[in-house]
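First chain A sits with chain B, and in the next complex the same chain sits with chain C.
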Partner chain A sequence: MVGPALALFVVMLVVPVGLSLYLSLTDWDGYSANPAFVGLKNYVNLTHSAEAIRAGWVTLLIAAVGTVLLSVFGLGFALLVNGASRLNAFFRIVLFYPHVLSALVVGFLWSAVLGTSGVVNGWLTSKGAEVLPFLSDPKWALASLIAVLVWAGFGVNVVLYLAGLQTVSKDLLEAARIDGATTRQTFFNVTLPALAPVVTVNLVLSLVTLLKTYDLVVSLTGGGPAGSTQTAAYLILWDSFHNNALGFGSAQSVVLMVITAGLALTVARLRARADQGVQA
Partner chain B sequence: MARSARKPGRKLGLLTSVVILVGAAGCGGGFSDDKGAAGDSTGEVRMLVNITPNLTKSYWEGLVKPFEDANPGVDVKIEAPTGSGVKDTLPQLLAAGNAPDVVETLMADKVLAPQMLDLTDQAWTKDTPLVEQASLDGKVYTVGVGQQAQSLVFYNKDAFAKAGISAPPKDLDELTAAMGKLKAAGYLPLQTAGDYVTGLQLLQLSDPSIATKHPDWYQQINSKQAKVGETMLPLLERYQSWIKNGYVDKNALGLKDVGAQTNFLSGKAGMYVMGSWFVRTADDAKPTFDLGVFAAPTEKGQPSPGPQGVTMAAPYMVLKSTKQRDLSVKLVQWLVTDKTAVQSQLAQDGNFRKGYTEKLSPLGKQVQDILDQAPKQVAQGEGYGANTLPQGFNGEWNKAVQSLYTGKSAKDVAARIDSWMGSKS
Partner chain C sequence: MSALRMPRVATVQFKPWKTKGWGRVAFLVVTSVLMLVPMYLLVVSAFKSQQDILAHPFSLSPDQLTTEYLRKAATNPDFNILKGYAVTILFVVSVNVLSVALAGPVSYVIARRSERRYRMLLLLFVAGTFIPSQVLVIPVVYTLKFLGLMGTIPGFVLFETTLTLPFSIFLYAGYIMTIPASLDEAAAVDGAGKHRVFWSIVFPLMKPAVVTMVILNTFSVWNDFVNPQIILGPGSGLYTVTTGVYAAVSQYSTDYTVVFPTLLLAVAPLLVVFVLLQRHVISGLTAGATKG
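After this line comes the complex of A and B, so read on.
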């Protein structure tokens, strides 16, 4: 019974990761039959690459800010649409809908809204106002990217939190109400602690997803302006295929994989410790 | 620079796919170092092509139909890229031991050439456009259908008239002066955009003056007798002054190429620097103003017109690993020499070739005149053949030029690109 699953695991995960590790130690350009072994040169070059380091920081910023926003908006909207009315059912679909769209479509859609000649700036200029540099200024472009990532992704968080809210003990909520707890007190002392495992899942999933941000960068900002919104995943593909440096790209992907796993494990452990504290 | 495929795609899984596939290749046939097998006189020829709004799969299938009809038993199988373009699909296929017989779009460089068939002994290649310039160490790997003129400035003649500009500028000082007049007349002087456009336009503008001042620019750069940033610094400084004076939109980086074209064709801007493929877009748009084109100006004191940046249109190569070598070569020969096939490809993607002028639009004829009058045709950016810069130069240059909009100085940009070049040596 375990055999097919194990074979799939090996083929789809162990082999690619192993080959990635191997390629990261070579100078493979994507074409040559016999790439030369270069040891740790690609990793050393990575530490000297201002562009890769910058992309790493941009990725971490997106992941940190995006994860917090996804959780806050996810939980906030979940609380708003938690209940068995037709209107809530409608809003749940509306909130989840952006996640159904391809990230590429979302990016092109928002570039038409936020671009220099986009809907928003068209309206602003028609009113005699200045154009806002949503996608043309590095800081604005990064903020726009994070905002669109959150818009496109928080539907999943809403669904997860909604599922979590169904598990909150009705008895506890009722007891809090009888004891005269305010809504705020009930939320922070009953609902939120009960949601702790869901919060952990949300944080880890959001973090891992955002650390791999790629599609939306391509379609919304193209990594610009001046490379200011290049993420680690974007740069990996850029270096690998535009620059014919698959060895260097593989080294970057190995580092990204290690960082992602490390951060996800750290968040999960911290949350587990916090959960234990709550239970104690 | 050919319009590189910039369509986003399923790249994220691509690296993993390549990794899996190279493993498969390691277990299987791997790469071929021979010159392919001659093959039969019938059978299947697989051709990997670029797919764009102009060059659809059905267009390609229709293009090769006459070849199939003339060669009974031959089936030309058109293959679209599975990645975001031909450039990232070909390594996948090679790694999987499943390479096509013919590839369109790419040009041979030192990385690609070892995988491609040497066509030097094919007499018919001698009469194809840019074949000599694209050759590598004297060997022909790439043949093309036509040329793309690069150093072109499309302009709004009505705007020029309103601004009191009587003739197209011939040098860069005149160009800058014209920008001032256009701005005073209420026009955006030069339309640009983010994406790949920013860096491309500056390369296109630089071709005539750089090639005049440094006839062996690529050789000087590669032998470290000159630096890219240093030689480009005067133009970077000029561009910086254009941004400062509002001759380009300071928010242009928030525009994509299509948005820039729309702005220019709607009559809001005076000029738009772009390659000859823009002719087809402009002809289809039928702008309400009188649209003209002139060759990119040279530096003051240099002869005008200067050398014209050109790239090969619809380049083809035959893969060395092919099992249908003779049929593949025959197909490529037909694609680049058959009059009807050539005419069709030129018209479909707005390209040019000497002797194929009868179906050109008035704007197209102006471009052909510019090509004919250019004293020399030169490579641009990453280049081709003997005139090449490291892979990735165009993208790095684009990012560096865009940083002029985000507060960097021309000297910063020059230093950045020289530093990048240094890291590639």
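After this line comes the complex of A and C, so read on.
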């Protein structure tokens, strides 16, 4: 009963990961029959490549800023739409729906809205106002990319925090109310401590997801202007298939996988610790 | 009544804005408008000319509206949307069937056996959730080439199914553990084989977990871009809805009479499913988000 699934998993996942590790130690271009073994050269080159370093920083910036915004919006709106009214159910659906759309479609949609000749700028021009460089200025483009990621993604965080809010002890909230605690005191002393495990999970999940940002870059900015919004995943695919630098691309893949796996293991450990905290 | 229908958010436990109830609603209404504006623009712009889209993006006067561009997008020579739907649905169905057929039995064995090697097996599968598929697809191209499956439907379906295995097995194994083993032991005593016990006794009881996975897999296969783009490639002539949108839109990204109708056709089926099954979709996709 185990055989077929395990065989497929090994052929399509374990072997390819091993192949990435091996290729990262070669200078393979994707075509030649005998790739030369170059040791850690690709990894050393990685530390000198201005493009790879910039993509690394862009990815980390997206992950860090995006994670903070997703968590703040997630918890904030969860508190606002918590409760069983029809209106709240409607708001929850509206906050969540962009997550249903593919990142590629979301990017094309927003680039049609924010582009230089897009809807917003077309409207500004028709009113005689100046065009805004949402996607044509490096700093604006990165900010737009993060804003769209948050727009498309925070509904999931809202739902996760809503689930967390249902686990906050009613007895404690009731006790706090009877003792005359203000809503602010109740939030910081009862609700937030009870949500600690959910907060941790949200933070690290957002971080891991944002580190893989790719589709939205393709459709919203195309990595531009001038490479300013290239993420690690974008550069890895570009180097591997357009620049035929499979070895170098594989080295970047391995670094990204190690960082992602490290963060994921951190979640697992923090989760386990939070569970123990609940039991204690 | 409504408390019964929505158990997950049945009670209001924290009301910091209780005294300012209307402020809360007003704020949420403004936010909802911001969330919905892009969708509104997508829908109305699909029925307008380029000039009207740019000069009067929000207006909705009937004499501006035309289905001409939508019809053009539906018959775009770069991307046959009807064929795109058919291809994508074929992939969605194949991946879902194959995923359940493979992940179900493994999960059953893992859930019912306590030996260390089965726990190691679960760990191995779950470790797969941490590999970003955008990066994994690169070496997979060469694995598929070696197997003669590069650029083929079976190659793509097998890889896409593999991506569903880690989380499916994690979810199914956890779910089967909540099903009493005495049920399948009784069937085994009556002489049913392992496969028979799983498919006729255990599997029907796994419905909630299977529904969650089917929703998650349906949306992730429908929305996947990088894997079909790279494995099937533009050369194969096989476009999913998402890679077809890329082919149709990326070259004409400033011709909004192409962009908006194409995007509308691409997202309409998903939005319909979402509206019809919203609670299942929200819980399925949220479960998927927690897979990391």
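Everything that follows uses one rule, which is that the second predicted complex is superposed on the first by the 246 of 280 C-alpha atoms of A that agree within 3 Å, B and C clash if a C-alpha of one lies under 4 Å from a C-alpha of the other, contacts with A are read in each partner's own complex, and residues count from 1 in each chain.
Please note the rule applied: a contact is a pair of C-beta atoms (placed from the backbone, for glycine too) under 8 Å apart; a residue touches a chain by one contact, two chains touch by 3 or more.
Predicted model only: the values in this text are computed from it and were never measured.
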Exercise. So if we stack both complexes on chain A, do chain B and chain C clash, or do they fit?
Worked result: clash
Exercise. Quick one: chain B or chain C, who's touching more of chain A?
Worked result: C
For this session: Classify the contacts of A:Asp29 with the two partner chains as first (chain B alone), second (chain C alone), both, or neither.
Result: first
For this session: Considering only touches as defined above, state whether A:Leu142 meets chain B (first), chain C (second), both or neither.
Result: neither
For this session: Determine, under the contact definition given at the top, whether A:Ser20 touches first (chain B), second (chain C), both, or neither.
Result: both
Problem set entry | First (chain B), second (chain C), both or neither touched by A:Val131 | first
For this session: Check whether A:Leu61 is in contact with chain B, with chain C, with both or with neither, and answer first, second, both or neither.
Result: neither
For this session: Kindly classify A:Gly224 by the partners it touches after superposition: chain B alone (first), chain C alone (second), both, or neither?
Result: first
For this session: Would you check which partner chain A:Val159 touches, where first means chain B only, second means chain C only, and both and neither mean what they say?
Result: second
Exercise. For A:Ser117, is the partner it touches chain B (first), chain C (second), both, or none of the two (neither)?
Worked result: both
Exercise. Now for A:Leu104: first (chain B), second (chain C), both, or neither, which partner does it touch?
Worked result: both
Seminar exercise, completed: chain A residues contacting chain B in one complex and chain C in the other 11, 15-16, 19-20, 23, 104, 111, 115, 117, 212, 214-215, 218-219, 233, 236-237, 240-241, 246, 249-250, 253
Exercise. What does chain B use to touch chain A in their complex?
Worked result: 6, 8, 11-12, 14-16, 18-20, 22-23, 30-31, 33, 83-84, 87-88, 90-91, 94-95, 111-112, 114-115, 194-195, 249-256, 259, 262-263, 390-392, 395, 399-400, 402-403, 405-406, 408
Seminar exercise, completed: Interface with chain A, chain C side, in the complex: residues 2-3, 6, 8-18, 24-25, 27-28, 31-32, 35-36, 38-39, 41-42, 45, 53-55, 57, 102-103, 105-106, 108-109, 121, 124-125, 127-132, 134-136, 138-140, 142-143, 147, 158-159, 161-162, 165, 169, 194-195, 198, 219, 222-226, 230, 242, 245-246, 249-250, 253-254, 256, 259-260, 263, 266-267, 270-271, 274, 278, 281-283, 285-286, 289-290, 292
Exercise. Taking the complex as given, what residues does chain A use to touch chain C?
Worked result: 1-2, 4-6, 8-9, 11-17, 19-20, 23, 77, 79-105, 108-113, 115, 117, 119-120, 122-123, 125-126, 151, 156, 159-160, 162-163, 165-166, 168, 170, 173, 183-184, 186-187, 191, 201, 205, 208-209, 211-212, 214-215, 218-219, 233, 236-237, 240-241, 246, 249-250, 253, 256-257, 260-261, 264-265, 267
Seminar exercise, completed: Within the complex, chain B is touched by chain A residues 11, 15-16, 19-20, 23, 29-33, 104, 107, 111, 114-118, 121, 131, 133-138, 141, 212, 214-215, 218-219, 222-228, 233, 236-246, 249-250, 253
